[in-house]
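Same chain, two partners: chain A is paired with chain B first, then with chain C.
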Partner chain A sequence: MKKYKNFIFIIILIIFVVYLRAGEERMENIEELEIAVGIGYSVKEDVGGGIKYMLPINSVVYQENGVNVSTVRTGTASTIALTRGERQRKSDRKFFLGTERLYIIDEGIGRFGVTNTIDTLFRNPMVNDDGFCVICKGKSEEYLKYKIPGYDTPVDYITGMIRNAPSYNFFQKNYRIKDVYLMVGSEGRSLALPYIELNEKGVQITGMAIFNKDKLAAILDIEDSKTMNILRSDRGKGMLTIQGNERDFISYYAKCKRKVKCNKEGDKYKFIIDLKFNGDVVNNVMYKKLSSKVEVKEKFEKDMEKKIEARCYEFIDKMKSQHKADCLELGRIAVAKYGRETGVDWDDVISNSDIKVNVKVKVEKVGRGEY
Partner chain B sequence: MKQIKNMKNIRKIFLICACLIIYVYYAAAMLDEKPIEEYDISSGFGVDLYRDGAGTVKYSIPFSILVFKGENRQYSMIKTGEAPTGAETRQNRQLKTDKQFLIGSQKIMLFSESLVRYGLKYNADIQFNNTKINDRGIILVCEGRTEDILRYKVKGYASSPEYIEGMIKNSMANDFFSREYTILNMYVRLDTEGRNLVLPYMKISDKGLEITGLALFKGDKMVNKVDVEEGKFMNMMRDDDLIGYLSIQKNSDEFMNFYGNTKKRVKCNKVKEGYEFEIIIDIKGDVIANTLYKEFNGKTKKELEETLSKDVEKKCSEFVNKMQNEYKLDCLELGMYAVAKYGRDTGVDWNEVVSNSVIKVKANVKVDKVGRGAY
Partner chain C sequence: MNDRKGLITANELTCLLIGILIDINITMTPNSVVAISKQDGWISMALGAVYPLYVALIAIYVSRKFPNDNILVLSKRYFGSFIGNVLNFLFFISFFSYFPPAYFNATLILRTYIIPFMSPFKVYLVITLIGAYTAYKGLKVLARIGIISFFLLIVIMLVSLAILFYGSILNVMPIFGVGAKDIIYGSKNTIYDYALFEWIFLLYPFINDKNKIKDSAFKAIAFCCFVYTWVVFIAIYYLGIDMIKKTIWGFFSATESIRVDVITSFRYVFVFIWVLIALKSISYSYYICIDILRNINKNLNKKLNSIFVFIIMGSIVIFITKVYYPNRLVKDEIVNFTTKASTIYNLFFITLIAVIIIIKKDDKCEKI
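And now, the complex of A and B:
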């Protein structure tokens, strides 16, 4: 045994050295890389009638003097994978994928279909699955090139916007690219992503983009988005207001919980959505003595329930007649109960089924009192 | 023995349970919290009101946000929420910002003139309901849009609210400026019988940011404003314990400056025709510049005190006259004294009563020190 000891030691040493050397070849200095932080997706119609993909990538270059530079390089080619080569030709550094935080898909791709885009992302094991995904108005390049003072890249800002959106407007937390894979691929689910716009005042979320299968079906304004988010997400937070006239209003900041029941009667499905709101009154100049009288509080709760219910029904009607898509992911619940892969088109079924909404509003705190 | 052991065990279990409950309670509370870098921290915000094309009222609430980058570089950003009600602006603002808002650390709150002319009540309610707000923050009224003032760049400052805060705080040591311009005082003044709100009025002039006067309120609406000079004497009669300068000037060579602090007393009497008020102002202070009197002795000192008293009385009476006839307001909060003496909730409009009652002003100036001597 002792004889082999040296021999074994030498072999281990060799393996170790080879391993380290091999690693060295693949790694490069951070100054020689372009670290991608955000990727945009656009399409452009080609002269021949085909289409071309345009993929701008916003990357950060770490310089030796400590100043970070943000660059945007665009690759244009007939498929997404080919844009890589085209983009590399314009760059003096190697692209480094895996740290990107944002995927901006523009309306053009949305109308064309997002399957190709998602497929390329899904196949690549290097990409960051936790990056956020948004739909934008216009070209995605403009958003990545937009300069915000105090920020290295606009990606930081937009990512923060999506991350913190759930504190109001009943936005969800699942706008990451891994959730997009699921929303597009699972039966009974549908894709809905925040929609951002760039104007002279800056970047702003202006609503939600809803999809029919993998194609952009409609863009909802912020009021409709709010209602859809209430009906779609299991829990959300947001501000609700009843306004009589300009000097008569009450605002209520609430958390919402959703429960859905599904019943099948013959061929028709019946859904009951239970919404429970629980929150605080933050501004009240409408109901006098809200804090001291129970009847007034109950009246407010009733009024608020009626208002939310009316809004929900209005949206459901619109969804059934105009969008003809299952934006509320009700198919998911039916599939769980009655089995999947039955070859049913859930967008169609939901548009023809009976949807009922029950709303319960509860006031927890009324603040320091009314003024 | 056994019993004691049992007791000890129970005590142990109880202690563990208590620890667990306390831990769970705090852990649950921590779930909602985030590190400070994840919040938008504002040094001040403004409240604006405008009517859009269709004539509906819209609130526009800009926040001045500090953005930290690197060690020494700071930027300030303006983030504005716009909606038909104050609370909805928060929701609107969240759509434009990358962080969560922390309302409460603000140093100043600016009201635009359009808002205070419309009514402050609707906005005061939301502030009152917000338990996180800094009640000691300073409030002001400004000309034009609040966003312009928040955006105004002051050299050496990251954002203008810090500068404005200093402006108000240091005015308190001069010009008989009152200390009452905080949110907490606003609540009290808006809702108490016999009291009226007065707020500093500022604008961007060609010299920069400047306090140009005081805004006078009737109920929750601004109705008029006075300039700084007039405001000085109004404050003297309205507030207690103020510091400022008084002067007598005959010509450019002969003048006298006096720096003192005031004490105010109000006497109120109900007579047949109405109320009679007597305001007594005691001013005690030092002579800081004097070329008027060659020599100070008992006689000249008395003369000086009398001249100053007469001057203050004259200017105060002038203001009282103007207030009773032109503004028709109880800017001096005399109603408060009458209410305290003769009972509240009598349904009396104190603005009207004070405008029609007799108000006498008496000033007593006392010179304490005269400095190292005449030069």
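And now, the complex of A and C:
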């Protein structure tokens, strides 16, 4: 018996492994999978007055001959999860989730509320949390079906667009779905996502969509978006311009740093936002001898400060009166100083609080000379 | 004993003690402390170390008086065979109560994150085989596994440093904002994590250098306290308290923030490391339970050496886990009760032994 000990052990092990594998689903070959790369979220008004969810999913099929085929399948059902079954009925392959790079939520869902959408994504451990999330105009299906020459899928194009947006216009890096979870679910924070539009020229970012809790509050044009991004984020970079007429103008590419102080007087909160710009003059015909005279440089800095300040105040007024949402995430700072879970509605409080902006502009470099 | 001769070194003792404290349950720790202490949860977590510290102090005292007798022998010596064995058996039950939850946690995490297609029973079987076989190999092997998982833990800690880039210090502020009362009250939720340090009462006879027990115990507690505090802190730092409440495994969700460009899903690497740590805890539990049973009856000692005892123990644990711990909510309710009961009993038991040793000081001198 001792002799065969190892033998018996191996036999038992084999039986065990066979038992473990028996009856389990086999994984499919990659050629037999539909690999999701982008998911869209839309609502469709039903005849009876209710709504239905419409989820187009752009997936790639890797064929044996080396050609990748991109398909869009749309599932329509009364809940988000039910669309899966609807979609599978139209498909000849197994659906594979986990490598998607883009989540396109359209205005319809935004107005209806994004909680359901986000809950479905958050619950599922298989989804890719690194995918970007954007808000789009019209139906999300159009964007996924849009053909861009040179790209397998429009998802690659839009993802690249969002990834590279931060180099200008003070856009942020945190438009991934995992940041969306944090922005919607935390006290004193608010959701703001890039807004994309499809027109005859193609897909482009045309602004930001801001949310009040989980509902779309407003869509900002690109100028307002820039101002909001400056005021909202701790750091960003972008181009700022003072323009006299079409010949005289000066452009300034700057990095911005934000610091916020919060004070409470009675029931009223008071915020002081310090913005520090530090950057280079990119072109200048307006201020003569900017690179040689200190006074000119200081004058430019003063003018720029005034201009930015005016724009910031303009935006803050708009935010307080029109949007009525805390899209600068000031509640977050107040919460960090005066305690959490006090039951305060920060959208309300920020709309009624006193917000002051101090801007400091500094010219670091002027390039290699002045023409 | 399997390995009377194979004594363990001071470093191995440290790793064994760290191993018994740190389980895969650490990934849920942020959720349990944040419920009461909110953003100051990490302070509560650090305060919770008082419990193992107390156990360590008593263990150091007892081990000085009786360096070669573990607590089970002592209880039989002072209370007689019958009462001593009853106390020892209750001690066994209190260790055993942490056993099914460990199975359940490891399986649930595995089935949620990597192998949703496997049935729980199959996962239990694999865990049992690995855990029981490791425990059967004896203390020396467990100690080496402890060392490996110590380094795995350090890897996890280093990786989680990267979260510092993504979160915000605003989430942790205001520090001391919830008040001292809630911070101290919140630390009661850390008992489950700091429990089972009582194992030191069974381990000290095996250490080769008796003077280093103190060092090892304190090192282990300091390390665990640091790891726990860091895990809770970093989870709050990245997720914030509102978000932690929405998750089940707060620390896992926090590590999702780390983006490694080459690996699409860093989570698989991470869960894999955690599974090894969970398996280690389970094999420790096997060893402890069988060890206490051996001590209760010396006659059974020889019979209990076989691998079949471990298999029987495994079957019992699988049965209990399957029947009494069907889902997470029920498990939480049972664990709430068993943790309290076993902690109170353990503290009572070790204090009782220590008090008796103090009282009967003179007796002992006569005996020697």
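Couple of notes before you dig in:
The criterion applied here is as follows: the second predicted complex is superposed on the first by the 348 of 371 C-alpha atoms of A that agree within 3 Å, B and C clash if a C-alpha of one lies under 4 Å from a C-alpha of the other, contacts with A are read in each partner's own complex, and residues count from 1 in each chain.
FYI, contacts are C-beta pairs under 8 Å (C-beta built on N, C-alpha and C of every residue); 3 or more make two chains touch, one makes a residue touch a chain.
Everything numeric in this text was worked out from a predicted model, so none of it was measured.
Taken together through their common chain A, the two structures put chain B and chain C side by side without a clash.
Once the two complexes are laid on top of each other via chain A, the angle at chain A between chain B and chain C, using C-alpha centres, comes to 130°, given in steps of 10. Touch criterion met: A:160 reaches chain B, while chain C stays clear of it. Looking at the shared chain after the overlay, A:295 reaches neither chain B nor chain C. Of the two partner chains, chain C is the only one touched by A:338; chain B is not. In the superposition on chain A, A:267 makes contact with neither chain B nor chain C. Applying the stated contact rule after C-alpha superposition, one finds that A:64 touches neither chain B nor chain C. Using the contact criterion defined above for the overlaid structures, shared-chain residue A:98 touches chain C, although it does not reach chain B. Looking at the superposed arrangement, the partner reaching more residues of chain A, out of chain B and chain C, is B. Of the two partner chains placed by the overlay, only chain C lies in contact with A:187; chain B stays clear of it. The minimum CA-CA separation between chain B and chain C in the overlaid arrangement is 13 Å, rounded to the whole angstrom. Put simply, chain A touches chain B in their complex at residues 149-151, 156-161, 163-165, 167-169, 201-206, 222, 238-239, 241, 243, 246-247, 249, 251, 253, 281-285, 366-371.
Residues 16, 19-20, 24-25, 98-99, 122, 125, 128-130, 178, 181-182, 185-187, 332-333, 335-341 of chain A are the ones that touch chain C when the two sit in their complex.
Residues 38-39, 112-113, 117-118, 122, 125-126, 129, 170-171, 173-174, 177-178, 239-243, 246, 256-257, 259, 264-265, 267 of chain C touch chain A in their complex. On the side of chain B, the complex with chain A involves touching residues 38, 56-57, 67-69, 73, 75, 77, 80, 84-88, 90-91, 94-100, 119, 121-122, 124-126, 128-131, 187, 190-191.
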